[in-house]
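Each of the next two complexes has subunit A plus one other chain: subunit B in the first, subunit C in the second.
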Partner chain A sequence: MTELSLAPGAVDRDRALRLLQDYGVYGGVLALLLFNFVFTPHFASAENFRTQAVQVAPVLIVALGMALAIGTEGVDLSVGSVMALSTSLLSLYLGYGPWTATLIAVAGGVVAGLASGALVAFVGVQPIVATLASMVAARGLALVLLPQLKDVHDPGLAALGSGDVLGVPHLALIAAALALLVAFVVRRSTFGRQLLAIGDSRPAARLAGLPVRRVLVVVYVCSGALAAIAGVLATARLTASDPTSLGTLMELSAITAVVVGGTPLSGGRVRIGGTVAGAVLIQLLTTTLVKHDLPPSWTQIAQAVVIVAAVYAARERGKR
Partner chain B sequence: MTTDTGEATMRTETPAARAGDEPPGASRSERLSALAQQHGALVTLVIAVIVASLGFDTFLTGDNLKNMALSSAFLAVVALGMTFVVVTGGIDLSVGSLFALGGVLAAWGSQYGTAVALLLPLAVCGLVGLLNGLLIARSGLAPFIVTLAAMLGARGVLLALTDEGSRTYLVDKDTFFAGLGQDSLLGVGVPVWITLVLFVLGAVVLRRTRFGQYVYAVGGNEDAAALMGAPVARTKVAVYTLSALCAGLAGALNAAWLLSGVTILGSGMELEAISAVVIGGTLLTGGFGFISGSLVGVALLKVIQNVINQIGSLDSAYQQVVSGAFLAVVVVAQTWLGRRRRVL
Partner chain C sequence: MKPTAPLRRACARTLLAAGLATSLALMTGCAKSEDDSGGDRGASQGKDAGQVVASPSGGTGPSCAIDAYGGEKRDLKSATVGFSQSEKEANPFRIAETASIKAEAQQRGVKLLTANAQSQFSKQISDVQDLIAKGADLLVIAPLNSDGWEPVLRAASAKHIPIVTVDRKINAAACKDYVSFIGSDFVEQGRRAADRMIGATGGKGEIAVLLGAAGNNVTTERTKGFEDRIKEKAPGLKIVFRQTTEFSREKGQSVTENLIQSRPGIKGIYAENDEMGLGAVNALKSAGKKPGAVKIVTIDGTRNAVQGIVDGWISGVIESNPRFGPLAFQTLDSFARGEKVAQDIVIQDSSYTKDNAESDLGKAY
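The block that comes next holds the complex of A and B.
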C-alpha cells in the first residue's frame, strides 16, 4: 500500500509535466483525487471536502504572498513567524473586539514585512538573509508577547473559524477571494507588471525607470500582511493562540506550493492558479498518506521528495 | 562600477584582500572597512565580555566559562561546516535536522560500540550531504530549496526511526563513546578540545590547501573559477558533504554529552549557525570569509545568550528577538562596508 499510494501520483505528475509543461500540477491534483476516490473510503463526501478546504486555506493564503516574493526573485522565510506574531497580537488585543484585534494583527504583519522589505530594497541584503533575521525576531517577539498557548473565546472569531455560507466554509471563501485579488493584481495592475519586470531583471527594471525599491517593499509588506491574515484565520479555526508552534515549517509548505505550481525560483513569472493547485496538491498528498495510516514522518519525507522533484522538473522546463 | 562585470572583477579580487595584502592603491578608508569586516566581531566580543563581567559577578567565573565553552562546542562544529558552504556562496539549511539525526543515530549505535556510534551518523549524514551537493552542483538547483527539502526529509527519517519521536535511545554512561562527551581534559570538556582541533584543521584546509583556494574561487566567481580550471562541481559537492558531516559529528558528540539521542533538538540551529558565520565576517555572497570569525561569532552569540539568561527578569524569548535584530544589524553593516569598499 505504501508504494501504491506514492507511485501513481509521482509518475503521473512527472509525465504530465513533460507533456503539459505548465499544467503538470493540475494533473497531479487530478491523479490524487482519482486515486482517493477509488482507494480511500469516505473520501467523496461533502464533509471531507469542507475539512480539506478549511485545512488548506492558511497555507494557500501564505503561499500567495510567497508567490509575489518569489516572483521578484526573492523569498520570504519569515511567514511562519509572522503567523505566530499575528496570533499573539490577536489574543492580546481581543479585548477591543475581534475587528480591532484583527486589524492590529495584520498591522503587525505589515510592520514585519516593512522591516524585511526595507532590508532587501534599501540596504540590498539578500532576501534569504533579511527574512531569516525577521523570522528569528518575529518568533521571539511572538513568544515575548504571549509566552504560552492561550484559549481564544470570542463568538465573532469562532463564527469566522467554523461558520459557512451555503455549505462553503468562511475560510475557504476568504482564501478564494484573496487568490482572485492577488491574481488580478499580478495580471492586470501596473504594480503586477512592475513586479514581474523586476523579477525578470532588476538592472533592466531600474534602467527602465521603474520604482524598484518601492515595489520590493510593497511585495514584502503584502507577504507579511497575507501571513498575518493566515495567522488570524488559523487562530479562529483552532480557537487557541499557540505562538510556539503556529506556522512552524509554514515557509516550507508555502515555497513548495509556489514551486510545485510552476512559478520559477528565478523570478519574472508568477502563476497564481498553479500556486492554488500546488497548495491543494500538498494538502491532498498529506491527506492521502494520513488516511492510509502512514505516520507523519512519511508525510515529511514525501513532501521533501515532491519539492526536489518539482524544482528539478522546473529546471528541465527552463532549459528548453 | 555598477555594471555586472565590474562587480564580478571586484569579487574575484576579494580573496587577495582576505589574505591581508591589499592591492596597491587601496585607500585608507578601504583598508579601514576591510579591517572592520575582519575584526568587527572580535572587538564586539571583547566589549561584550567586558560589559558582562562588569555587570554580573557570576559571568567571569570558571564554571560559567566552562559551561559556555561546552555548550558552544556543538554549535561551533556546525558553524565550521557552514563556513565552507557560505564561502562558496551557498547556504545549508539542513544542518539542524542532521544534527538531531546524528544524535539519534549515535545514541542508537552506541550499543554496538564507539566505532558504530561515530561512523553511523557520519555515514548517514554524509550521504545526505552528498545528495545535497550533487543536486546543487550537478543539477544546478538552488541551494536553499534543496537543503530545505533535506531538512524536512532528515527530520522525517529521524521521526521514522524513533516511533514518531516518542522513543529516546540512551547512551551507556560507562562506554568510551560517552566519555567523548562527558570527560574533561585539563579541566576543559573533551568536546571543546575536539572543536578546537577541528577549527585548526578547518582553517588550515581553507587557507593553505588547493581545495580551500577552490572554495574561495567558486564563491568569488563561479564562471571565472570554471575557466581557471577549478573543479567547480566537485568543490561544491565536497562543501555540502563536509557541512553535513560536521552537523552529524556535532550531533553525535551532543548525544554523548547528554547521554541520549534527543529527538527535538536542532530546530532553529541552522539559523544560529548561519548567524554565527555571518557575524564572524563571512560574506553571504561568497568568496570572502574566515574560519576563526565563525568561532568568534559562536562565542558572541553564546555570550549574549548567557547575559540574557543572567538577567533573570528577561524572558528567554528575548534571546531570539536580540539574535534576529543583531543578525540584521551585522548584515546591514557588512553590506554597507562591502559597498563602500566597492565604490571607493
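The block that comes next holds the complex of A and C.
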C-alpha cells in the first residue's frame, strides 16, 4: 500500500475506490430514485413513499442485528426462523393483550439469540454452524407452536401495522428509532468498541482483557431480539400469523443489505448508515421491477448483480 | 488465571442451560391465544360437501377393471388402505384433504395407514415404500411431483397393489401403473374465474394477475384457462400486470400495494389462490379503498375467502374441492369388487358469489 501510494495515479485510483466503497450504496439509491421519478408513473407521491417505508421496515430491522453479528466476524442465519417463532408466540399469547404478547415474542427472540450466542461463545462452534442449528430449531418450534396460518383480530396490532403519526407509518418510525439506537451503540458505547475490537481480532481482544464471551452472547441476543421485533411488525402488517412462510430467505436479504452497505464480512467494522441504505436499495430495486411488471426472475438477477458489484468494490478492503 | 474463574464459568453455563430449559417450558405452559371468531369448524363439518363427479358422466372415456390391471378381487372392508400426503397439513386445502380421507376410512371401517412427505419428494417415495411394506393392500397417493415414480410403481405392480392418485397426476400409464386419477380441472377453474371476472368488471378495463409459484402445473393451468377465456370472450379486458406472489398472503399484499400505486385505474385482480387474494384485500384496505372498488376473483374456496365475499371485498371464489375421501374410497371399492372405473375422474367444483356466500359459508374449508 505504501509503495503504491507513491505514484500519483494510484493515489487517485485508490481514493476513487475508497469513495465508491463508502458512498457507492448511497449513489445507487439516488440513481434508482432518479430513474423512478422520470420513468415510473405515480412514483413521486407521499402514499408511495409510505408504502416503501412500510415494506422495507422488517428487512431493515433484521439487517441491523445482522450487521452487529457480521461486525464480530460472525453471521446470524437464524433471523428468518426467529421471526417465525416470534409470530407464533405472538398469536399464542394474544389473549393477554398485545403488549404482553409482544414482550413474550421478543423474549422468544432473546432466548433463541441466547442459544446461538452460547454455542458461539462458550462451546466455540463456528457462528455459521451454530446459527444454522438455531435456524432449523426455531422454525421447527414455531411450527409446533402454531402449525398453520392464523388470523389476528386484535385492533391494537392492526393499528400498529397500518397506522401512522403525522403521515409517517408506525413501522417506519420504529425502524428509524432502532437504527439510530444501534448506530449510537456501535459508535459511542463501550460495548460497541468492544464488539469492533473482537471482530477485528478475537485473540487480541482476549489478550487485552475484553469480556469476549459476554459481548458475543449479547450480540446474538440483540440480533434475536431485533428479528423478533421485525416478526411482530410483519405480523401486525399482515394481520395474520403465518409461521410457515414468514421470514423465509430473510437471512439472505439481511446479509445482502449489510454487505451492499459496505460492512466487510471480515468483521471489525459496522456501517449502520450503509446498512439502512443497502436495505432501501434492495427494496427500491424490487419495487422498480414490480412497478414496471418485469418477470420476478429479473429481480433475483438484479440483486445478484448488485451483490457482486458491492463485493467487488469491497475487495480491496480485505487486503488492507 | 484466578482459581475462581473456571468455577464461575461452570456456574454461568449451568445457569444458561437451566434458563433455556425453563423458558422453553414456560413458553408452552400458559399460552392463551386470541378468541377465534371464525372458529367452530368442528360443528359445521356435517355440512361439508363431498365431491361430485363432473366427467365422465355416462361411462364414456377410458376405464379400467381389475382383470386388466392384475390382482384379485377383494372386499374393501377387510383390506388395509395406505394414504400418502404430499405437503404438511399447514394450509386449509391439505388439512381438509387428509381429514376427508381419514373420516371416510373411519366411516367405512377400513384400516388406514397414513404418511406425510413434508414437501420432500424423496420422503414421499420412501413413505409409499414403507406403506407397502407395512401391508397396505390399496394406495391413495396425493403426489408432490408428477415424475420420478418408477421405483414405487414397480414395487406396487409386483404386488398388484391398486393405486389411486388424487389432486395431482403422475406421468405413467393409467390402468397399468396406476388405476385412476381423481382431481380438478385447473384449466377449467381458470376459465370459470375469467367468467366471474368478466361478469364483475363488465368486460372492460385493466386487470392484474397474481400468479402462483413458478414451475407448478397448478399455476400454469390456472393462468392458461384464465388468459385464453379473457382473450376469447372479453377483448376489452386487458391484462396489464402479471407478477408471481408464490401463493403467499404476504407477497400478495406487498405486490398489490405497489400495483395500486403505479396503476390507480386497475379494475380487477385475479389471484390464483385464496391466500394471495386475501393479501390483495389487505393492501386495498390499508390504501383506503372501499370494498368492491377493485374486483377480486380467487380460486380455492377457503373459509376466509368466502367470508371476504360476505364482507364485500371479494367478487367471486371458484372452488377447488379438497374432500377426496368419499370418491377415492368409492373408486377403490368398485375396482376391488371387479367393476369398471374411469381412468380420469374429474370432479365438479362449485363456486361462491354474493348470492350463495353467506348460506354456503359452512361448506367452505
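By our rule, the second predicted complex is superposed on the first by the 295 of 320 C-alpha atoms of A that agree within 3 Å, B and C clash if a C-alpha of one lies under 4 Å from a C-alpha of the other, contacts with A are read in each partner's own complex, and residues count from 1 in each chain.
FYI, contacts are C-beta pairs under 8 Å (C-beta built on N, C-alpha and C of every residue); 3 or more make two chains touch, one makes a residue touch a chain.
All of these numbers come straight from a predicted model, not from anything done at the bench.
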item	value
Clash or fit, subunit B versus subunit C on superposed subunit A	clash
Subunit B versus subunit C as contact partner of A:V125, first or second or both or neither	first
First, second, both or neither for A:T190, with subunit B first and subunit C second	neither
Which of subunit B and subunit C A:H153 touches, first, second, both or neither	second
Subunit B versus subunit C as contact partner of A:H42, first or second or both or neither	second
Partner chain(s) touched by A:V111 [first = subunit B, second = subunit C, both, neither]	second
First (subunit B), second (subunit C), both or neither touched by A:V311	first
First (subunit B), second (subunit C), both or neither touched by A:W298	first
First, second, both or neither for A:L143, with subunit B first and subunit C second	both
Candidates 6-14, 204-212 or 258-266 of subunit B: the single one with C-alpha clashes against subunit C	258-266
Subunit A residues contacted in one complex by subunit B, in the other by subunit C	115, 143, 147, 296-297
Interface residues, subunit A side, partner subunit C - complex	40-43, 45, 47-48, 51, 54-55, 89, 91-96, 104, 107-108, 111, 114-115, 118, 122, 143, 145, 147-154, 161-162, 234, 237-240, 242, 244-246, 287, 290-291, 293, 296-297
Of all residues in subunit C, those that touch subunit A in their complex	9, 12-13, 16, 19-20, 23-24, 27-28, 31-38, 88-92, 95, 214, 240-244, 248-250, 253-255, 257-259, 261-264, 275, 279, 282, 285-287, 304
Subunit B - residues contacting subunit A, complex	4, 91, 135, 139-142, 144-146, 148-153, 155-160, 164, 267-268, 271, 274-275, 278, 284-285, 315, 317-325, 327-328, 331-332, 335-336, 339
Touch list for subunit A against partner subunit B, complex	75, 115, 119, 123-126, 128-130, 132-141, 143-144, 147, 203, 248-249, 252, 255, 259, 265, 295-301, 303-305, 307-308, 311-312, 315
